Amino acid sequence: MSWLIAFFDWLVEFFGDPARWSGPDGIPARLLEHLEFSALALALAVLIAVPLGLLIGHTGRGEVVVVVSANLARALPTLGLLVMFVLLLGAASVWPVIIPLVLLAVPPILVNTFEGIKGVDPELRDAAYGMGLRGGQVLGRVLVPVALPLILLGCRLSAIQVVATTTVAAYTGLGGLGRFIIDGFATKDYARVVGGSVLIVLFALVVQILFALAQRVTVSPGVSRRLKVR
Amino acid sequence: GGGSTGGNPLDTTSAAPSGSASGGGGKAVVGSFDFPESVLLASIYAQALEAKGVQVDEKPNIGTREVVIDQVKSGGLTIVPEYNGNLLAFLDLKNTAATTDEVDTALQQKLPAELEVLDSSPAEDKDSLSITKDTQTKQSLNTMEDLAKVSKDMTFGGPPEFKERWEARLKEVYGIEFKEWKSTGATTADALKDGSIQVGNVFTTDPKMAANNLVALQDTKNIFPAQNVTPLLNKAAATDTIRTTLNDISAKLSTQSLLDMMQKIAVNKDEPATVAKEWLTTNGLG
Amino acid sequence: MITFDAVTKRYPDGTVAVDGLSLEAPTGEITVFVGPSGCGKTTSLRMINRMIDATEGQILLDGVPVQGIDPPTLRRGIGYVIQQAGLFPHRRIVDNVATVPYLLGWDRRKARARAMELLERVGLDSALARRYPFQLSGGQQQRVGVARALAADPPVLLMDEPFSAVDPVVRTSLQDELLRLQAELNKTIVFVTHDIDEAIKLGDRVAVLRVGGRLAQLADPKTLLSDPADDFVREFLGRDRGIRRLQFVSTAGLRLRTDLTVEEGFGGGTAEPWALVVSADGAPVGWVADARPDVLEPFGTFVHGRDSMRSALDAALLSPSGCAVGVDENGKVVGVATREALDEALAEAADG
Amino acid sequence: MITFDAVTKRYPDGTVAVDGLSLEAPTGEITVFVGPSGCGKTTSLRMINRMIDATEGQILLDGVPVQGIDPPTLRRGIGYVIQQAGLFPHRRIVDNVATVPYLLGWDRRKARARAMELLERVGLDSALARRYPFQLSGGQQQRVGVARALAADPPVLLMDEPFSAVDPVVRTSLQDELLRLQAELNKTIVFVTHDIDEAIKLGDRVAVLRVGGRLAQLADPKTLLSDPADDFVREFLGRDRGIRRLQFVSTAGLRLRTDLTVEEGFGGGTAEPWALVVSADGAPVGWVADARPDVLEPFGTFVHGRDSMRSALDAALLSPSGCAVGVDENGKVVGVATREALDEALAEAADG
Amino acid sequence: MGDGPPSIWEWIARNWDTGRVDSIRNLLTDHLTMSLVPILLSLVVALPLGLACVRWRWLYQPTSGLMNIVYAIPSLPIFMLLISVTGLSQTTVIIPLTFYGMAVLIPAVVDGLGSVPDHVRQSAVAMGFTPLRRLLAVELPIAVPVVLAGLRVVAVSSISLVSVGALIGQGGLGSLFTRAYQNPFMPPVIVGIVLIVALALVADGLLVLAQRLLTPWVRARKGRA
C-alpha cells in the first residue's frame, strides 16, 4: 500500500509542479523531443522495412535474408550501438540515437510485412493475376490491403519499442522524456523518474490507440471481419 | 524543480548491512561512481583489501552520489571512494567550508550515523567551470566573476546532478545564470569542443582537460570546496583491517599520481584495475 | 475458338505436366478437361491465359497465338473462375464483380451497374452486393466468382474446378445455373474437373487426360460413354456407363399407350393386367393389378420429351407394373410407356 | 446393441439438434445416419460416447445407460473416426494407432505389435509406421484413423463422415475396405454421412434424419429405395432410385442362354440376329449381327451370381444387341442374358 | 604495457581474464545469468498463466492488456526503482526482463494452444483422454512450435536488453559500453556488441535445434506455386 501512496505522491509532485510545464526542461518540450526522435526513427524504419518486406514477400526471393537479418538486428544491443555511434559521430547530432532506434524498429516491421504478404492465400494472388492485374497492381490493390493488419501490427510493435527505448537517448545528453529518468536517477529524485516513466507509458498507450484507430480506418471490414454476419 | 529527497519512503531500504568484522579479513563491497577516476580508486581499494585477505565484492560504475550514498547507508555497499567537499555539499548544501581541514571538520558533524569517513588523502580532484582556450581568448575570461557578466548568453553542460547542487549557489555567490542547462555526462568535454555548450563542469584531474585544450576558470570566491579523496564507509561493516588499509592508501596517494594514473587510463586505455595494481605494487601496498 | 497445337509444358524440375496436347475448344461450347489428379488439367487451362507459358507448341485464340499478347491484356479478355472463388476479401461484392471493368477504365457508375446486373443474372439477391465475401456462403461466393469472370463480357471463360469445394446439393444447383447461363450467353468455356459426372453433365465436348498430360480421348459425352477409346478411359468412366448413356437419349420418340389409364373412383378395369389410376385433374395416383384391384402400387414418372430415357427407365423400375408413367411439365399424365416400348426405344438408342 | 430411447438434445442457445430420437443400432451391423446438413447427425453420434450429453431420454449400450459410465472409460471402449482423421501430428503412425492401448496401460511392446497388426489389416505398408501423419496422403491418414479406432478392439465404432474429405476414387476404395473389415470383425458400427450413395452402399440399416433432428425413416437400404416413407425421404434419395434399387437384386436367378455364343474364327452363325464371339479361352470378344458378320460390336459383362441386376442391366445397355454377357469370376463367359430374361428378372424383383 | 591505446586484440587479451569483476569473462558469465534466468523464469510463469487464459477465456483480455502496458514501460526506470527494493543485485535486472518475456510468451502459449486443430482435440476426447492427460500428451506438444517461436524472440531480446542494466552498474557485457563511453574507446564497444550478438545467435541456434529435436513432425512443407 505504501508503495501505491508513494507512487501517487511522486506523480503529484512531478505533475503538480507548475515549473515542470514550461521551459526547455519542461514536460511539453521533452515530450516534443521524444516525439521527434521516435517519429523520425519510426518513419525511417517504415521507409526501409515496408518496401523491403513488400518486395521480398511479393517476389519470394531473399526470404532467408529477412529471417537472418531480422534476428541479427533484434540481437543488437541498443546501448552498445548508441555508444558506438556517439564515439564515431560525436554526441552533438541526433544520428547516434536515431540509427540504433531504426535498427531496433526494422525487424518487427520487416518480418510482419514479409509474412503478411507471403501469407496471402495463393488462390487470391492467382485470381488477381488471372483477371489481368499487373504485378504492381496485384501488390497494391490486393496483397497490401489483405496483409495490412499484419503490416500495421509490425509498425505498432516497433513504435512502442521505439518510444520506450528513446529513453536511452538521454544517456548521451540528448533530450526526450528519458532526461527525466536519467536526471531523476542521478539526483535521486524519484518523482522525476516515475513521472517520466508514466509519461512514456502514456505516450506508448496513445501510440497503441492511434494504431488501433488507423487500423479501423485503413483495414477493410472484409479483412478484419468486423461486421456482424447478417 | 524540486529535488527534494526528504521523506522518500525508499530511503530506508531493505538490503541488510553485511555482518561486521568476522575473524580474519572480513567482507567488503567496494562500489564506485560512474566516472573512470572513481572506478580507478575503487579498484585500488579493492585490490589492496584483497591483499590483506578481505573478501571483496566489486560493484563499479553504479551511478551518481545520490544513488551510491544510499547504498552505503543501507549496507548494499561497504566502501566508496569519496571526495570530501562534494560529500559535504551533498549532505549540507549551504555549508561554505572551503579548505581541506574546514571541510573534514564540517563533514564529521554532518555525517549520518550509519556512515564513517576515513582520513582524507592529499590527492585532490576539484570541480571546475571550464571553457575552451578559444572562448578564453575571445571573451578574455579568466575567473568565474568574469563569467558572470556573459553567462546569460551561454549554455552550460555537466552531469545532471550538478545543476541540482550548484545552480543556486552559483547565482548567489557569483551571480552566474546560464541561458540553458544541458545534461552532458561523460561527453562534457566533447560538447565544449564542438560548441554545443560554452561552459562545462569538468574535473581538474580529467585528462580530457588537456586533451581538448580546456581551461578551468578560477574559483576566486572558493565556492568549490576542497575535494580530497576520502574513503566513505558503512560503519557497521567497517573493520580495522579496512580502516588501516585505506588510510595507508590515502597517505600515499597524491594529486600527481592520480593525474598520472588517469593519463594511462584515458590515453593508453589501460584498464583501471591494471593501473591500480601497478600503483599498489610501486607503493608497496599490493 | 481455342486451339492447342502440340503444346508441351515441362516444369523446371523436369515434370512433364502436359505432353504434345492438340485439341480445339470450339466457340460457344463448353469443353471439359477431365482426368485423375496431376494429369495436367490446371496446367493446360492456365496456359490459355498465360498464367503458365507453354514450353513447346502454341495456343491460338481465334487463330492468334496467345504468346504474342501481353499477359494482363490477354487475361482481361478472358474470364477466370477458380475453386475457392478467390474473391478479394477487402472489397464489397459489387466491387469484386466490377474488378475487370475498373481495370479496363470503365466509368465507376457504369461498372457498378454492370456488376449489379450480373449478380442478378447469376441468381444473387442485390442486397448481397454491399456485403463482403466472408459474409457469403460458399455457394454464393462461387456465384460471385462466376459473375466476376463475366463482368467485362469476355468471349472466353476458364473454370478450374469451380464447384468442387461446395456440398453436393449446392453443386448441382450451380451446375444447372451454369448451363442456364451458357444457354443465354454462348461463351467459349473451358472447364476443368476431376469429376466425370460433372464433365458429362456440363460438357459439349469432354477431353479425358491421362497422367503425364496426354490426351486419352476427346469426344462428346455420349460418344465417350458408348465408345471409350481404351481401358484407361473405360476405367475412368466407371460403372453405370450404359445407364448413364441413356441420359443422352430423348424420350421424345418413346411410344406411349393411352389406353392403360382409369379414372379415380371408377371401378372399371382395362384389358391388361395393370392399369394406372389417374386423379380427376390428371395426376397419377397408382397402379392397380387386375388381381388385386384395391391395392395401389407405387409408380414412377418422367416428363415426356424433356426427360431422358434414363429417367424413363428409372420410372419403369420403380413400379411392379414395369411401366413408366409419362407426364407433361405440369405433372398431368400423357401416357404410359410399357416395357415393350422401352425395349424398343433402348434398342434403337443402342443402334444409333 | 445401441439403443436411443426418446433422446432429445437442446443446445444452450435453444437449438434443438435432436428431437425425441428412438432407434436401435443392432450388434454386429452398420447403422448409417444420413440427412441434410445440420440435421443432428453428429450430435446424435456424439451422444453415444458422451462427447455431448443428452438433454432428455437416454442412450443404452447393451442395455446399460451411458450416463452412468465415466466418460473417459466409456470412450476407451468405443472407437471413433472423424473426417480429418484427427491424427496426432506429433506422434508417429504406430504410436497414433497405439494411443488407446497406451491409455489402457498396455505394455508398450504389446501395444505396438497390435498397432502394426492393425496397420496391415487396414491395408497400409508397415514401412509407413515410423512416419508422421503429415507424410501420409489423405486416404492413408483415414486408414490410420480407422486402425486407431480399432486398436483396443472396441465392440462399437462411431464414424462421423470419415471418408468425406478424400477424392472419389480413394473414397470408394476406403468404403470397400470398411466392408471387408466389417465382414471379418463384426463390429457394431454407427456411421454418419450426408451422402446417400455411401449410406446405401455401407448400411445394413439406414436412418434418414430431417432437420430439427427427427427420424424420417429407418429401414434397410432396399426398403428405403423402394418404399420411401414420405416426400422428404423420396426427395433426399434423389433420382435413379429405381435403378439403384437393382443393386440389391442378385443375378443368381437370372436365366442365361448358352446357345448364343460362337467360337472365334468359326464363321458359323446362330439362329438369332445376334451372336457373341468368344475367344478360345472363353473370354468374350464382341457381338456380331447377322446382317454384318464382320463387324464386332461392343458388349458389357457382369459376374453371374456375384454382381447385381444393376450391373447386368448396365451391361445390357452397353451393347446394341441388348443382351448382357454373364461371366464367371475369371472372366469366362457362362452365358448371355437376353432382354427377355432381364425383363423377367426385373418384373420378379419389382413384385418381391 | 606500451604507450598509446592498444589494438582491439591486445585489449581483448589484456582484459579477457584479469580475475577482476570486470574482466570480459566475468561479464560474460554475468550476462548469461542475467539473460538466461529471465528466459527460463518467464517461460515457467507464462505457461500456467497462458493455460489459465485458455481455460478461462475472459482472463485473456485483461492479461494481454496488462502485458501490453508492461511492454511499453522502458526498462531503465524499472531498474532504477527496483534498486531501492532489490539493491544492486542481478535480481534488479532479472525481474523486469522476466516481465518482458512474459509479455511475449503468454500470447505465444495462448496462440500455441489455439493452433491445436479442433479435430485433433476432439479425437483425443473421443479416445478417452482425461483433460489433464490431454493437455500434457496432446495439446502442449502440439503447441511447442509456436511457444518456441516466442521463446526465440524472448531469448534474443533478453540477451540484448540486459546491457541496459549497465546504466545502474549491472549490465553484464553492457558495462563495456558505459566504460567505453566514459573513457572514449572503441574496442570495448565492439567486443560488447559482437559478444552479445554472438550469444543471441547461439541461443537462437540452440532453440532452433531444440525445435528440430522436439518437433520432428513439423517440416516446412514445400508448397508449389
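Going in written order, the chains are labelled A, B, C, D and E, and every chain counts its residues from 1.
Keep this in mind: a residue touches a chain if its C-beta (ideal position, glycine included) is under 8 Å from a C-beta of that chain, and two chains touch if they have at least 3 such contacts.
Every value quoted in this text rests on a predicted model; they were computed, and no experiment measured them.
Fewest steps needed to get from chain A to chain B, stepping only to touching chains, is 1. Shared contact partners of chain A and chain D, listed by label: C, E. Of the two chain pairs considered here, A-E and A-C, the higher C-beta contact count falls to A-E. Taking each chain's centre as the average of its CA atoms, chain A and chain E sit 20 Å apart.
The distance from the centre of chain D to the centre of chain E, with each centre set as the mean of the Cα atoms, comes to 56 Å. Mean C-alpha positions place chain C and chain E at a centre distance of 60 Å. Looking at chain E, residues 81, 84, 166-168, 178, 181, 184-185 sit in touch with two or more other chains.
Taken residue by residue, chain C touches two or more other chains at no position, since every residue touches fewer. Contacts with at least two other chains are made by residues 10, 63, 67, 70, 185, 187, 190 of chain B. Taken pair by pair, the chains that touch are A-B, A-C, A-E, B-E, C-D, D-E. Residues 1-5, 8-10, 63-64, 66-67, 70, 157, 159-161, 164, 180-185, 187, 190-191, 194, 196 of chain B are the ones touching chain A in the complex.
Every residue of chain A that touches chain B in the complex is listed here, in rising order: 2, 6, 13, 17, 19-20, 24-25, 86, 90-92, 170-173, 179, 182-183, 185-192.
Chain E meets chain D in the complex at residues 117, 119-120, 122-130, 133, 138, 141-142, 144, 215-219, 221. Considering their complex, residues 49, 51, 71-76, 78, 80, 82-91, 99-100, 103, 132-134, 145, 148, 158 of chain D touch chain E.
Listing the residues of chain D that touch chain C in their complex gives 36-37, 167-169, 194-195, 226-227, 239-243, 245-246, 298, 300, 310-311, 313-322, 339, 343, 346-347, 350-351.
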